[in-house]
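These are the structures, in C-alpha cells.
First chain A sits with chain B, and in the next complex the same chain sits with chain C.
For the complex of A and B:
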C-alpha cells in the first residue's frame, strides 16, 4: 500500500516537472509550428550551468536561475529571429526539425568539449534529505523541483491569460493571420514566445540538476518522453500537455513497481504509438495538430 | 513532321546521354579502383565505412527523397538489420549471407506494422515517431540482455575464414558494399522513372492533391517505406558482418539516423547520386574529425554545424544546386521541369509583384 502511495506521490512530482518542460515545447509549436528537438539539449545546458555555478562558487544551484532565465530568454529570441524565421515557410515544419536537431548536436558537442563526457552531480547539503507523509518518503530535492515547476507553470498561466502580451501570444497561436490583421506584430510575438519557452527550459534544467546525474548526451533520454507528452496531449495545446504530462508521469511511476525503471520508460512510446493509431491529433485540445 | 529544332534537340539529348554514361563509367571506375589506390588498410577501412554510409543514405532516400517523409530514425532499420543478421547466425547457425538476406527480409516485414502506424501522420509528427522508434529499440536492446548481450554488445562471427587477413577482409567488404550500393541505386533509378515513382513524388509535393488525383497515397507510402527499411537493413547487416561487433548505443543512435539525413540532404534528395556524394563528404569529414580531435566531442559540433548550414542555405543539396547553375548556361530546354512547391510559390509571389507578367509558361513546345 505504501509502495503504491509512494509511486503515486513520485509520479505526481515527476509529472509536474514533465508538464513544465512540455509546456515549452508546446509553446514553440503553437507560435511557430516548430518541433524544437533542441529543447532538452537546452535543458541539459541549464543543468550544466547550474552545476558549474554551484561548484565554482559553492552557492546553491537554484541561485543560478537569476542568470540563466534571462540568458535563455534572449537565446530563445535569437534562435527564432536569426535562424528559424529564415526557413522557407513551405517546408518550415520539416526543416525546423532538422535545424533544431543540429542545434541540439552543437550543444551536446560543446558540453562534451568544455566539460568532458564525465558524469556530473551537484553536491547539496540537503541532497539526501527526505521526510515522510502517510508512509511515503519524499526527497526534498524532488519537492523543490516540483515547487519550481508549479510556480513557473502558474506564472506562465497568468502571463498567458492576464497580460496584454499573453493575449497577443494566444491570438498568434490561434490564428496568426487574424492576429496580424488586428495589428499584432506576430514576428516579434513569436520571438518572445520562443524566449519564454527556452526560459522554462532554464528552470526545468536547474530543477533537474538538483536530483540527477548529468552528462552531455542525456538530452536524448528526455526528448523522447517529452515528444510523447506533446503528441498525446495534442501538439500545440498547453493544457493538453499538462494533463498528458501528469498522466504519463504517474503511469511511468506506477509501472516501475512491476516492470523496473528501464521497461517503464517504454510506456511513453507505447502511449505515443497508441495515440497516433487512435487519435493522431492527440487526446486533449489538439486542434492545431490536424494540420499536420 | 519533325522540325529542325526537334532534330537539334535529339542530338543534344544524345550528347547528354553520352555524357551521363561517361560520367557513370568514371564514377564506377573511381569506386572500383579505390582499394588498389588506398595507401594502407586504415584508409581502406575508411572506404568501407563511407560505402556503408552511402548504402544507408541511399536506403534512406527511398523514403526521404521520393516521398518527402524525412525519418530521423532510420538507424532503427540498420540496427535491426545488424542484430537480425547476427542473431540468425549465432542462434540458428545459418550461413552468414543467408542470414543477411533473411534478417533484412524480417526487418522489412516488421516495417509493415511500423509503417502503418507512423505513416498516418505527416511532417513533424512523423519525425517524432521515427525518433521515438529508435529510442524504444535502444531501451529494448539494452534491457533484453539474454538475447542481445545488452550493453556488453554482441560479437558476430566473421563470414570469411581465419585465412582471410584483415586488409583482405576490408577489400572484400568494400566490394560487397559497392555491389549493394549499385543495386540500391539501380532500384532507386527504376522507381524514380516509374509510374509508382511519379506517384511518390506527387505525395512529396502535395499529398492532398495527389490523393485527390487518385494516387493510392497510403499504399504507395507504405511500399516505399518497406523498401527503404529493407535496403537500410541490408546495409546495417552487411556492416555488422564486416565490423563483427554490435553495441545498442551505436546501432540505435539518433546520431546515426541524422547522418543519413544529413548525407542525403547535402548531396540532394531529389537526385540519384545525392546520398552517395553526401556520404563521401560526410563520411570523410566524420573520420577526419574523429582522427584529428580524438575522443573529444568536437566531431558532433562539426556535424551539427554542417547540418545547420545545409538546412539554412542549401536545403536542395549540392547536386541540384550545381545542375541548376549548369542549366542556366545551356540553351533553355522546353520539357516539363521538376519544380518544387517552394519554387512555384516563389514564382507566384514574383508574378503577384509584377501583375503585367502574370501569365507564366512552364512547359509546352516553343511556338
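For the complex of A and C:
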C-alpha cells in the first residue's frame, strides 16, 4: 500500500513538472503551427544558466529566474521574428522541424563548448531533503518544482484568458485572418507568443536543474516524451497538455511497479501511437484548445 | 564493340584490385614511410555521449606518447599519434579504423572508449590482422566475439569488478552479512556486467535479491526505481551505473529516506564531481576501481609525476587505462623488435602478449585466449570524506566500513 501511495505522490509531482516543460511546446504549435524541436534544448540551456549562476554566486538557482525569464522571452521574440517568420507559410510546420532541429544542435554544441560535456548538478543544501505525509515521502526539490509549475501554468492561463494580449493571442490562434481584419498585428502577437513559450522554458529548465544531473545532450531524452504529451493533450491546448502530462506522469509512475522501467517509459509512446490512431487531434484538444 | 559479361567482370575485378592495392600502398607511404617515427592510429569519442571519458582516454594516450618520446622513443623511433573523432558512433568508429589502416597507413592501432565502440573497432583490426590492445571494453560481450587479436589493458573484466567485495561479504559472520539486496542497473553491457557479477555472488551466498531492475540508458527519472528499493528496505543496494544515473538514483533514494547498510555503485563514486553532486553525503559508498594514483606498482610513480606535471592534476582511471594500453603495446614492440603493419609483425606482437606478463601502472597483466585480463579490481570506499582503497587488505589505505553511515 505504501508503495502505491508513494508512487501516486511521485507521479503527481512528475506530472506537474512534465506539464510545465510541455506548456511552451504546445503554445508554439497553437500560435504558429511550429514544431519546436529546440524547446528541450532551451530547457537545458536554462538549467545550465541556473547551475552556472548558483555556482558562481552561491545564491539559490531559483533567483536566476529574475534574469533568465526576460532573457528567454526576448530570445523567443528574436527567434520568431528573425528566423521562423521567414519560413514559407505553406511548408511552415515541416520546415520548422528542420530549423529548430538545427537550433537545438547549435545550443547543444555551444553548451559543450562553454561548459564541456561534464555532467553538472546544482549543489543544494535541501537537495536530499524530504518530509513525510501519510507514509509517503515528499522531496523538497520536487515540491518546489511542482509549485513553480502550478504558479507558472496558472499565470499563463490568466494571461491568456484575462488580458487583452491574451485575447489577441487566442484570436491569432483561432483565426489569424479574422484577427488581422479586426486590427490585431498577428506578426507581433506571434512573436510575443513565441517569447512566452520560451519564458516557460526558462522556468521549466530552472525547475529541472533542482533535481537533475545535466549535460549538453540531455535534451534529446526529453523531446520525445514532451512531444508525446502535447499530441495526447491536443496540439495547442495548454489545459490539454497539463491534463495529459499529469495522466502520463501518473501512469508512468504506477506502471513502473508491475512492469519495470523500460515498459513504463514505453507507455508514453503507446499513448502517442493510440492517440494518432484513434483521435489525431488529441484527447483534450479540439474545442478545448480553442478555449484554453 | 561488344564486351562479354565475363570480360566486364574480369575488368572490374582487376580495376578493384588495383584501386585497393593503390589505397593500401599509398597509405603505407603516408604513415610508416618515415623510418624515424612509429604512427599509432586511434579513434576516440571526442564528441557525443562518451566525449568526457573519450577526452580522458585521449589525455592518457597523449601523456604516454610524450613520455615515451622524452625517454628515447620506441625502438629508438619517435611515437606519433593519429587520433580521429568517432563522435561516439559505432558506425563511424569502424570506418575510422578502416581509414587509419588503409589510408593513413598507421603502424599500430589501439582501442577507443566503451564496449559499444570497442567491438566494431576490434573487428576491423582483426580483419586486417592488427594487434588490438584496448583501454575500455570490459563487458562480457567483448570477449565473446571470437577476437584473437584483442587484449583488455586493465586488471579485470566487468563481471569480476566486485570480486574482492563479494569475498569480503562471504567471510563476514553470518549475522553481520546483508540478508537482502536491491539491484538496479542501466541496460548497458559494462554496467550490467558489474552489477550482475556481484548479484550472482550474493545469491550464491544466500542473500535474497528483493529488487532487480534494469533501466534504459536514456532514463532521466529515478523516482519509481528508488520507490521500489525504498519499499523493499533492502540491507544492500547495488547500482550498475554510469555517472549521471548513479547520482540521480542516489539522490532519489535520499529523498525517500532510504538508508541501506551497504551501497555499491560502479563508475560514479570515483569521479571527481561525485561528492559535490550528491551534496557531500558520500560516507561509506563503495565502488570498484582498476586504478589508484597511490598504488606502488613499479612504473606508477613515474606516470603520476609525469601526468601531474603535464596537466596539473593526478591521473584518474581513464587516463591510467590509456597509459596502460601504451605500456602493453610498448612491451610487445620492444620484445619482438618490430612495429609495422606487416601481418607477420602484427602476429608476432599478438603471440608475444599471449605468452607473457606485462608490468603496468595497474599491476602485472596477463590474458586468457579471449583477451580477458587475469586480475581483479580493487574496492574503494568513501572514508572520512575521501575515496580510499579498502579491499584487498594488503593494498588497503583505510579500514572497510561495514555499516554505511546515514546519507
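Operating definition for what follows: the second predicted complex is superposed on the first by the 283 of 292 C-alpha atoms of A that agree within 3 Å, B and C clash if a C-alpha of one lies under 4 Å from a C-alpha of the other, contacts with A are read in each partner's own complex, and residues count from 1 in each chain.
Heads up, the rule we're going with is that a contact is a pair of C-beta atoms (placed from the backbone, for glycine too) under 8 Å apart; a residue touches a chain by one contact, two chains touch by 3 or more.
All figures in this text were calculated on a predicted structure; none of them were measured in a lab.
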Fit or clash between chain C and chain B when superposed on chain A: clash
Touched partner set for A:252, first chain B, second chain C, both or neither: second
Which of chain B and chain C A:14 touches, first, second, both or neither: second
First (chain B), second (chain C), both or neither touched by A:223: first
Partner chain in contact with A:276 - chain B first, chain C second, else both or neither: first
Partner chain in contact with A:49 - chain B first, chain C second, else both or neither: neither
Touching partner for A:262 - first (chain B), second (chain C), both, neither: both
Contacts of A:83 with chain B and chain C, given as first, second, both or neither: first
Chain B versus chain C as contact partner of A:93, first or second or both or neither: first
First, second, both or neither for A:112, with chain B first and chain C second: both
Superposition clash, chain C against chain B - the stretch among 95-103, 131-139 or 365-373 that is involved: 95-103
Doubly contacted residues of chain A, that is, touched by chain B and again by chain C: 112, 117, 220-221, 262, 265
Interface residues, chain A side, partner chain C - complex: 2-3, 6-7, 10, 13-14, 112, 116-121, 123-125, 127-130, 132, 137, 139, 141-142, 211-213, 215, 217-218, 220-222, 252-253, 256-257, 260-262, 264-265
In the complex, chain B residues that touch chain A: 68, 70, 72, 117-118, 120-125, 127-129, 131-133, 135-136, 139-140, 142-143, 254-255, 258, 261, 265, 296-308, 311-312, 315, 341-342, 345
Chain A-facing residues of chain C, complex: 47-49, 51-52, 55, 187, 213-216, 218-221, 223-225, 227-228, 230-231, 243-244, 247-248, 251-252, 254-257, 273, 276-279, 281, 407
Chain B-facing residues of chain A, complex: 29, 33, 35, 37, 83, 86-88, 90-91, 93-99, 101-106, 108-113, 117, 216, 220-221, 223-224, 227-228, 231, 235, 262-263, 265-266, 268-269, 272-273, 276-277, 280, 289, 292
